[in-house]
Amino acid sequence: MIFYPVVFALLVTMALAIVRAVKGPSLYDRVLAVNMFGTKTVLFLAVASYLMGRPDFLDLALAYALINSIGVMAVLQFFQSREFRRRYEHRHEAE
Amino acid sequence: MNLDAHLPILQIIVPLMTAPVVSLLRVPSLPWAAATVTSGLAFAVAVTLTGQVLAGGPMSYALGGWVPPYGIELYVDHFSALLLLIITGASTVALAFGKASLDQEVGHERAPMFYAAWLLVVAGLCGIVATGDAFNLFVFLEISSLATYVLIASAPDRRALMATFRYLILGTVGATFYLIGVGLIYMMTGTLNLADMTDRIAEVGELRPVLVAAGFITVGLALKAAMFPLHAWMPNAYTFAPHAATAFLAACSTKAAIYVLIRFDLTVFLPHLSDHAEQVSGFFIPLAVLAFLIGSAVAVFERNLKRMLGYSSVAQIGYILLGLALLSPLALTGAIVHLFNHALMKSALFMAVACLAFRAGSVQLPDLAGCGRAMPLTMGAFVLAGLSMIGVPLTAGFVSKWYLILACLEYGPLGYVLAGGILVSSLLAVAYVWKVVEAAYFQPRPEGARELREAPPAMLAVLWLVALGNVWFGIDTDLTLGLAEQAAATLLGDGS
Amino acid sequence: MTLVFGVFLLTLLVIVAVAIVRSTNLFAAVMLSGIFSLLMAVNFFLLDAADVALTEAAVGAGVATVLFLSALALTAEHEQVRPGGAALQWLPLVVAFATGGLLIYATFQNPVIGDPNAPVHQHVAPWYLENTPELIDIPNVVTAVLGSFRGFDTLGEVFVVFTAGIGVLSILGLRHTLVEMTSAEIDARQRSLRHHLIPRVVGRGMVPFILLFALYVQFHGEYSPGGGFQAGAIAAAAIILYSLLEGDDRGRALVPEWLLQIMVASGALLFGGVGVVCMLLGGSFLDYSVLAEVPSEGQHLGLLLIELGVGITVSGVLLTVFHAFARRASR
Amino acid sequence: MSPETTIVAALVTPLIGAVGIALTGRLPNLRESVTLVTAGVLAVLVWSLVPQVMAGARPELLVTTMLGGLSIAFEIEPLGMLFGALAASLWIVNSIYSIGYMRGNDEKHQTRFYVCFAIAIFAALGVAFAGNLLTLFVFYEVLTISTYPLVSHKGDPATVRSARVYLGILLSTSIGLLLPAMIWTYAEAGTLDFTAGGILGDVAGPALGVLLGLYAFGIGKAALMPVHRWLPSAMVAPTPVSALLHAVAVVKAGVFTVLKVVVYVFGLDTLTEAGAQQWLVWVSGGTVVLASLIAMTKDNLKARLAYSTVSQLSYIVLGAALATASGVIGAAMHIATHAAGKITLFFCAGAIYTALHRTEVSELRGLGRTMPFTFAAFTVGAISIIGLPPFGGAWSKWFLTLGALEAGELFAVAVLMVSSLLNIVYLLQIPLLAFFRAPASGSVPEGVQEAPLPCLIAIGITSLLCVVLFFGADPLYELTRLLPSS
Amino acid sequence: MGVVELISFVLMTAGGFCVFVGGVGVLRMPDLYTRMHAASVTDTAGLFLVATGLMLHAGWSLPLFKLVAILVFLLVTSPTAAYALANAAMLSGHPPAGVRDETVPSAGRDGETP
Amino acid sequence: MEFLALYNYWVFAVLLLIGLYAVVAKVNLVKRLIGLSIFQGAVFLLYISMDKVEGGTAPIFQTADGAGVFSNPLPQVLILTAIVVGIATTALGLAVVVRIREEYGTVEEDVIEDMDADS
């Protein structure tokens, strides 16, 4: 029973993050929401593995904690290359 | 190690395991040589396997030593043996035929990947046919599909990319539908082994999930088989794929899906679902008729030779489905024989087109005007295979049509109409084959068109081998009909 | 209670799916589909499918997002909005609703979720649960089924991945479209995230841990969720992270392409090879029992080797694919 | 040589000839020699079989058996012998004529012409010797396809259009009607072999009528109205081809097939018992009269001859439809006699075109003195076709009338009478115009101006044949007499 | 319920509360940077509290180490991600709410108006 | 709670519907691939939903003899494979899309169709 409050809180927060991700308005808001959603997922997985009595499944939470960062880096790289492309296209249009 | 007992698995792993090796070969022409030899080896395995099946009945192979339904089982009977012959045979001849053509289109740089993908298509199709497990079938379906996309995308024309993409989307939707169907059946029966499924479905056959599953599997496979009206991906995929690859794919890629369709509908569903017979007939007969009428009609108006043949395939698939839908041994024999014969004629036709394209650089009919004089041997083979497609006696095409029409006449009043439909479609086939013949022989070369000469001897030799195969199997029908009759009898064994 | 959590999460899943389809910004759609995958993973976890959840998290949320973003960087970020284009299209809608409706119609005769008397739990599956301890002797039944009882499926799966790898290489790896760039731009481009100091330091620090974790997942897969596939994905993710931070060229220097291609092929060959060795030793294809004196030890050895093969091929292919996209971007 | 070997040799000879012609295409003289030699060899081979067949032998040759008892097989019975001998003999004559005509008109693609011709003869022989319906069908289609290049020889759009009509009607009727009829037959009888007395004994009357209809119209080459359209269309071909089409190979293959089907598939007794052929008498009779009437309206010489052919072919179908012994004998004889007559007429038309480039009947006024030989031969051919002695046509009409009387078909008798009258009007009109009308001023060339010598030789031979068929008709009668009794 | 359990319960509930607050903040705050602020601060706190609670629950065992690892990784990566995000947003010219800085070019270029 | 006992399957159907709609109706090629992955994801849910046993836990034994109630391992194995197939398809599809973009300069299907119609 001791896990229910935190589980509820996590679930609600996940929902809130999704609302933010859907609403935007900017791309960065979405990234923020995704990142936040990711950390909540890690926590939820961790708590849930105790809730279900299988603490050995913390592996999942660990795996995701590690992988989450890659997604964010990829996003960052994406922004950077997009900036680059814009500049490039801009220069070509100017010519 | 007793090789004979391992033949079913060898059939799959020979091409499958060679593919990674081929993908690493960097010496020009070596990938092609390796792929051709492997494919030939697979054909030899298929021939031996067929011999064994003919001699000793169906073969079963338990993978990992686990007894089905707990482990995966390979199951090769007459029907699958015939399909294995088609697949490995078509692959071998197309490879042996296509070196020059493929070098021209695919290039040396990409060759290792291309030939590896080719072998994967062979392995995937063999797997689909040989496996006795519903989910394993899905895995091989995906191997062959993905590899097919690679083959098509290797063509130089940019439209090949769009064709690949459409095929990829629709192919995946089809495969996923199949997966849903298998999931629902699994949910109701708890097994994935086809034979086991057949037994267990009897208890739950009337429940909705099973009925819906039957629908999903049928639609999914129909998509894969390019069955009218789900054929949209097919003409373009055939048109823009590398020519020799088209000769291979057209001969067997849709056949595997049809094989599975027949397997599922006749052995898994038919015996245990009441009304299934009526549903199959009611559903497939109109579609089959529309397929061969519309497919042939569109082909008549098509100026791109490859697309014309693509639509003709839509029509031919219609015949096969009709054979399935009539649900009689005679009709099924016709359908199964047509699987083989259609492979024979289409691969010859597409090879001839590949020869033309190799020299003329185009497959548009106006560009090919007058090619009959410059390339008499190529066009000769084309005409021979075209006659087979029309269904002229003494060619392979006649045998299957003969059976189909007899089955129609047997079917009752509606059958007469169906037989009429088949004849109309044959007439349309006359029209489009004739269009090519006329352009080739009776029209002058257009001004400024490329100078033509006969295709290289290596290509011609294989082309004529297959073209003459059309005559051979039109006359000596022991092998094809023998297998088909057995297969039809087994499939309908306890069904009708 | 888990049921309620499940219902809640599933509802979110539907909402996210609708949002993905409705969004005209493709970047947003990709971000949302990352969330979609995570929600999926959590649901799988709640439904007792730990291995699947791990895979979905590694693949769907990790690798797939990276791939989609790489592709987006090379294509276009926004869907074009046409006059009337945003409106629902009727024919596809009817098709989709017919399909969905049919399925919902079917569900009412489905066994209830969790019903222990459902046919799925009566046939075949109990056999695995009963016999795994004796025949394979490992705790993770999923791994046992995956590697041994249905090892042939897994072989097929490896070859699917292999096909995708050579396919992407064949489609993208050749015929580069060279873009003229000034040297400064190339520099700015190639250095990637290197001038972001904090991410770089943190990221570089994490790479070894991720790799370590990948090894753990690889070799501990018989005892806990995981196995070759997940390990391969995680290891690939580590290298991808390195490439993102240090630039694609350095990533390629770390794991050169010829090595990748050999990995791709050799993993698949290793798996198949084990099967063939089993045949040579007198068993059926993939019958690991013949690999050692004691059948269950043979099974252990076999599983270890094939999982290794899976891991090598998967990581090789994912990296190949990533590099194929990234190199396109850097030209 | 055993009969089997002879059959093989007879079938292969024209093919070898075709190859030889193709190889020697560069050297016209050699090429023509090859044609003539082949034709000669073939004629010898085929005629060598005649005595045996007349003696009652039925040489057989089984090439291969396919599915379900279907086979490719040959069997020579009197009717086939008659047709085969006819085709083989007339090929020689036609070749001689062709040489003159093609060179005289300086036609293009001569090699293709001779090759296709040889293949057409091969197909005609295949049809003649076929031992079952399937074999017959195969060669029937080969014949259609191999004659298409001949019909479309000229290659201009109008010609190609007409040639398409030719091909379209022949292929679509054969595949759309004949093939289903065959399949139906197979479904009922379980075989397609030609069997004395027929194989359809068990089929009910009305169905028999429908089946007969499928055959009658499916065999488009028999040109029964309304599927006769291809015949006038095919007139765009060079004249030797028209001669081949009308007299030797194509149309004869059609009526031959009808006759063969009636005798060996249905069986005369089966048909008469069921009365299923009654309607065919009316249709063919109607075609006879109607086609004659149309012929009268045609000014173009070849078109007139074409409709004449339509009409004459229906005599043969009529004879078959009467389903009496004399009717069948008459029909069979008419195949030969009409061949001789009609080939003469076409040769003449071609000769006129080669010499004077005239194609319309009205242009022939007063040309009798310019081309006396040609018009004399034309008169012979015309009278033979009308059916007056002392020419071959008299016998076939005699037996046809006899058959009509035997069958009690007064309608058929009336048709024969009326059509003979119409024949006189539209055929004899032409030599009359040529010989007895004053030429239109200035349009007649000075002196005698005949066609090239090979043409004249050919014309001479065929007109002679018309006479020979009257005085030496006994062998012909002996051969055809075997038919109804078989 | 033992003392450790109780403490664990309290910690986790507090963590849950932090997380929830963060969620509300992300939803309600006016612009990107304030949202980010809300998210990262509460995230870290919530994370810390929940993980500690779980650790207490776990006691000395393998899962404890896994929890530590999770905690450490998230503590490191989450701020990094926030930094990187803010950096990217700022560089590409995404303005904080209320700031109308003319030097920041093409404001709101990335913004989709909802 | 009874009515929720089939909720998973309904969600499966709805997701399938959404994915299928995106695949069929969308013109943007990347969007169609995203739709495709939703579509496939739905099927994963179908399989995984049926593996659950009330009161069971994931099929990884905690004791050597394998005592306890466990969910069904088989659908999980199947879906592991299916996920791999899905990502493979997606990767290949994206590669094709990137090439299409290079050749045509767009990834909107109707624009591409117009361009092909012209050529």
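First chain written, first letter: the chains are A, B, C, D, E and F, and each begins at residue 1.
FYI, contacts are C-beta pairs under 8 Å (C-beta built on N, C-alpha and C of every residue); 3 or more make two chains touch, one makes a residue touch a chain.
In this text the structure is predicted, and so the values were computed from the model without any measurement.
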Common touching chains of chain E and chain D: none
Connectivity without chain B (remaining chains kept where they are): A, C, E, F | D
Separation of chain D from chain A in steps, with touching chains one step apart: 3
Chain located farthest away, centre of chain B as origin (C-alpha): E
Most distant chain from chain A by Cα centroid: D
Pair sharing more residue contacts (C-beta pairs) when B-D is set against C-E: B-D
Middle chain, criterion being Cα centroid separation: B
Inter-chain centre distance, chain A versus chain C - centres from mean C-alpha coordinates, in Å: 18
Centre distance in Å when chain B and chain C are each reduced to the mean of their C-alpha atoms: 31
Averaged-CA centre spacing for the pair chain B and chain A, given as whole angstrom: 46
Inter-centroid spacing, chain F versus chain C (mean Cα positions, whole Å): 12
Multi-partner residues of chain B (each touching 2 or more other chains): 135, 139, 142, 146, 149-150, 153, 180, 184, 186-187, 192
Multi-chain contact sites of chain A, meaning residues that touch two or more partners: 7, 14-15, 17, 24, 27, 31, 33, 52, 54, 56-57, 59, 62, 66, 68-69, 73, 75-76, 80
For chain E, residues contacting two or more additional chains: 69, 73, 77, 80, 84, 112
All touching chain pairs, where touch follows the definition stated at the start: A-C, A-E, A-F, B-C, B-D, B-F, C-E, C-F
Complex contact set, residues of chain F against chain B: 16, 20, 23, 29, 32-33, 36, 39-40, 43, 46-47, 50, 74-75, 78, 81-82, 85, 88-89, 92-93, 96-97, 99-100, 103-104, 109, 112, 116
Partner chain A, residues of chain E touching it in the complex: 1, 5, 8-9, 12-13, 15-17, 19-20, 22-24, 26-27, 32, 35-36, 39, 43, 46-47, 50-51, 53-54, 57-58, 61-63, 66-67, 69-70, 73-74, 77-78, 80-82, 84-85, 88-89, 91-92, 94, 108, 110-114
Chain C-facing residues of chain B, complex: 1, 6, 9, 13, 16-17, 19-21, 23-24, 61-66, 69-72, 109-110, 112-114, 116-117, 120, 123, 127, 135-136, 139-140, 142-143, 146-147, 149-150, 153-154, 180, 184, 186-192, 200, 204, 207-209, 211-213, 215
Partner chain A, residues of chain F touching it in the complex: 57-58, 60, 62
Residues on chain C engaged by chain E in the complex (per definition of touch): 25, 28, 196, 198-199, 202-203, 205-206, 209
